[in-house]
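Each chain carries a letter (A, B and C) given by its place in the written order, and its residues are counted from 1.
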Amino acid sequence: MSEMAAQQLKNIVEAALLAAGEPLNIERLFTLFEEEQRPEKKAMVTAIEALQADCEGRGIELRELASGYRYQARSEVSRWVSRLWEERAPRYSRALLETLALVAYRQPITRAEIEDIRGVAVSSSIMKTLLERGWVRIIGHRDVPGRPALYASTREFLDYFNLKTLDELPTLGELKDLDKFNAELDLRFPGEGVVEGEEAGGIALTISADVEPLHYD
Amino acid sequence: MSEMAAQQLKNIVEAALLAAGEPLNIERLFTLFEEEQRPEKKAMVTAIEALQADCEGRGIELRELASGYRYQARSEVSRWVSRLWEERAPRYSRALLETLALVAYRQPITRAEIEDIRGVAVSSSIMKTLLERGWVRIIGHRDVPGRPALYASTREFLDYFNLKTLDELPTLGELKDLDKFNAELDLRFPGEGVVEGEEAGGIALTISADVEPLHYD
Amino acid sequence: MSDQPSHMVEPPPPRQEEMPFAMVLGLPVTELPRDLYIPPQALEVFLEAFEGPLDLLLYLIKRQNLDILNIPIAEVTRQYMVYVELMSEMQLELAGEYLVMAAMLAEIKSRMLLPRPVEVEGDEDDPRAELVRRLQEYERYKQAAEDIDTLPRVGRDTFTFVIDTPDKQSERPQPHVELRDVLLALTEVLHRTEMFAHHQVQREPLSIRERMTQVLARLNPDSFTSFTSLFSVEEGRRGVVVTFMAILELMKQSMIEMIQAEPFGPIHVKAVGAVSEEA
């Protein structure tokens, strides 16, 4: 067979470089062709240069590295491409959610108080996670021996859960009712999409005389 | 951030499809973008179609398969690209292919049903190979004594054979009624295509020239 | 048979009474089937290539251009037995299914020989019907397998790509939490502590809690803050009350200190603890 058309050569080189999974140098590219079909070195270089030029303005580039040519994603798009391998978000433990709830409802609160209510120790990693997530912060220290840190919820906590103020959280009494009608949870909790001030206000109105207090001690 | 420029979207999608190492469907492509940046579905489809059009006349194509879009080498260049690797593509035994065909066309199907149609036992190693390759999976158990496993084909099977849906499998031959025999004395089998000597069975190549090959016509 | 010519010609007549090559249907076979001359090694490969009795039968039928719907049972049975005997002769692993099929063929053959009652001739099931059904059924999947084998496939007809992404950015995603989950966690705690058992009325617990946090955040542990500056008139009476209650609660819980130098003098407030850098 006579020498290959420039376009066909370019097509073969492009597909081979993409399929190889490793950089290919010119010598290796030559091995793809039977002796009698083997292109001139000049033709090969021209093909590679044309392929490089084709990458102008695209999300990929054809780079020459130490061991050969390799297609790779440009750094301009790597921010998006990287999300292909993003790990799934882990889930928070129940202990963490309980701690968060206690900080929200009983702030300012010390770790010892949380442990007292939960009946189990609160691991340092839970407090650390909540602080790092920015949902909880230390706002002071109680004036008792050891001067324990006082934890409170943050603006970010409210924002994340789409609340304007802590008031929009259901009272413990409402929680008790909701607990009985678990199925209705979706309809009644604020901060779940539809809800804005209106719903939250609705909840405030439902407070009745036997409502659970947030008694402190 | 406002909606992304069409070119940038196209660049990201191209790089992601090339970097992923597996087919990506539209839903997966959407996950590359933050909520507020997420393109319209229409824009995404336009980008994919533009990328497909860009492959015209090249050695690669962007195909839609069962589990999503995949860039791949066109068969026109596979002769050269395959020389990147020493080993040849594996050949599959008739027993394996027939078992695979029965799962693909008759799913969900039990091993006993496969054996019934093929007239011989199906070796465990064949089922194991098919399961390990991810072409076949167990989707349940038939509610009869022994609760035999029900096998079905997978998206990976379709991807591997370059198909988007089971509908794209070659049409299955028709069954002829014995009663109608006298009416039509066509000697050809329904669904029997022209089989090339080489393709009909690897066996033809391994027996000597004076041996009648194993194909029937 | 080694001295036989290499093409399909009439085999030479046996020169002597040799041991039968095989016993087929009780008759000795001393020669290979006429249409089957194959060197022994190739023969073995050839025989092993059958995917079972149905495959072998299909081969016999197709080779003679017979129609599957009108199988000459006697002849096909004879040929089938020759192959089966050949296989056992060569000590190939002969699946039991081959013998089951042999029995089935023999049965069909004998039924074909029986005279059919005239009156039911039209309705009489062809004894071959079941065999034909099975052969056709197998044939279509055998064909389907061949078709699948010719589909373009990865690693043979097409190749997939993976390009490198040099600057991968890995961002560890944060867990998502629904408010519902937080509240459910709280009810769990409350159940455990039986806090639900208490019944006291309190109208604005959380706004006081929240205000306590706000007041505390404004106080400095190193210097005093004016008590009145903690109140904002714009908030109205409710706001003032909430702030006042928050301050009382903070005092009760030893979180703040309050100093009044003289009766009716200005009151000053200070946080008691060292305030963290975040506050």
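Note that in this section contacts are C-beta pairs under 8 Å (C-beta built on N, C-alpha and C of every residue); 3 or more make two chains touch, one makes a residue touch a chain.
Given the structure is predicted, the values throughout are model-derived calculations rather than measurements.
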| item | value |
| --- | --- |
| Topology of the chain contact graph, where touching chains are joined (line, ring, star, complete, other) | complete |
| Most centrally placed chain, judged by C-alpha centres | C |
| Length of the line joining the C-alpha centres of subunit A and subunit C, rounded to whole Å | 28 |
| Interchain centroid distance [CA atoms averaged], subunit A/subunit B, Å | 35 |
| Computed distance of Cα centres, subunit C from subunit B, in Å | 15 |
| Residues of subunit A whose C-beta touches two or more other chains | 15, 18-19, 60, 71, 73, 78, 81 |
| Shared-contact residues (touching 2 or more other chains) in subunit C | 159-165 |
| List of subunit C residues in touch with subunit B within their complex | 6-8, 35-39, 42, 45-46, 49, 51-55, 58-59, 62-63, 65, 67-70, 95, 97, 101, 126, 128-129, 132-134, 136-165 |
| Touch list for subunit C against partner subunit A, complex | 159-190, 192-193, 195-196, 198-210, 212-213, 216-217, 219, 221, 249, 252-255, 257, 271-276, 278-279 |
| Touching residues (chain side subunit B, partner subunit A) in the complex | 7, 10-16, 18-20, 24, 31-33, 57-60, 71, 73-74, 76-77, 80-81, 83-84 |
| Subunit C-touching residues of subunit A, taken from the complex the two chains share | 15, 18-19, 21, 60, 70-73, 75, 78-79, 81-82, 85-92, 94, 97-98, 100-102, 104-108, 117-119, 133, 137-144, 147, 149-150, 152-153, 160-163, 165-167, 169-172, 175-176, 178-179, 185-186, 189-192, 207, 209-216 |
